[in-house]
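Labels run A, B, C and D following the written order; every chain starts at residue 1.
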């Protein structure tokens, strides 16, 4: 299956793009997607604890399952205002 | 001697004017001026406790002496804002 | 900065311009309007304000000076209108700029609280039924240190 | 009311107009500007903001809804700018109208505090020396009840 990664701020810089397509085995979780990204972008690994995972607009965690076509957003700590 | 009375808000209404001239014996105090006004405007009497006396822009009390040409302002409780 | 007792409509933008600098990170403003209902629920047609102009301006400056240092450095402007105001018109406007927002909020709220307690301005509420009353602010409460 | 994530200059007057009614006795506004010096003292040339537009707008609405009831009835409008901002430009603007001023102050301060903690917006500080850094807000502190 394919999920769309939406990356923001410093995570977007690490992934060198605000969005990318990620191919994963069927039934993969948000945590598995993160691990897959870390394999390609090693700078991502230390950011897990400070990063919120959001699937199709809803807060998720490492165990939340992904489905084909989902958007997984990676949100580093906020800096608005 | 003559002092100028500056009256505000409900006190101005009671005195039927925002300003008036008041003749007083030499050496009269602010308290004596108030008593003199009360003799002419009985509605004033119950307002003493809530009224600030200000002579030439400086806070005064009943014992503060007046001098010819002074302005005595009678300030009821404030309502700004 | 900018302190005024005026008998013309208040200009919030002018107060903001008076306090903003390149160091301003946060701006807090307060505007008090004539509203359609009194505190005790009577339909209001307008307010008349009068002030002891000289004392009021002096006390506005004192309140502003306190507000501009008490919580951290801030720049403060305050204008209060006098005369006859209709529904929806602004009676008082305050602008406070500071590097950080907490200082600006605290200073702005301090300024309006102290203004109501200390500045010699009086308000007469006119009601839709033709009656009118002088309205007094609640007695001053000591500001938190 | 009015909630927006926009890539154009903010219009405080429009926010004020969106919240004011004949029942508004007090209006409090907050504007956050790009200031010339960072929190750690570096000369700043500008800020770049980005947002998860959909989530940010949803969360702005949630913050506004909370602010509009938590301290008493209030009307709330919030706009946050995204894109590249120069010194002195407004990054965020909030307007809160209420019958009484205490409610308006509390709701406005709550709104900006919660915005900074909860709304998915990010800020990159550009420095005069050509460097740039993503800047994170302090972790959320639970609001006082």
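By definition in this document, a contact is a pair of C-beta atoms (placed from the backbone, for glycine too) under 8 Å apart; a residue touches a chain by one contact, two chains touch by 3 or more.
Here the structure is a predicted model, which means the values were calculated and not measured.
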item	value
Centroid-based (C-alpha) most distant chain relative to chain C	A
Inter-centroid spacing, chain C versus chain A (mean Cα positions, whole Å)	50
Distance from the mean Cα position of chain D to that of chain C, given in whole angstrom	23
Chain A and chain D, separation of their C-alpha mean positions in angstrom	27
Chain D residues counted as touching two or more neighbouring chains	32, 112
Residue list for chain A, restricted to those that touch at least two other chains	none
Chains grouped in pairs wherever the two touch, ordered by label	A-D, B-C, C-D
Chain A-touching residues of chain D, taken from the complex the two chains share	32, 49-52, 54-56, 58, 80, 91-92, 112, 115-124, 134-137, 139
Residue ranges of chain D in contact with chain C within the complex	20, 22-33, 35-37, 87-88, 99, 101, 104-105, 108-109, 112
In the complex with chain D, residue positions of chain A that touch it	6, 8-10, 12, 52, 54, 57, 73, 75-81
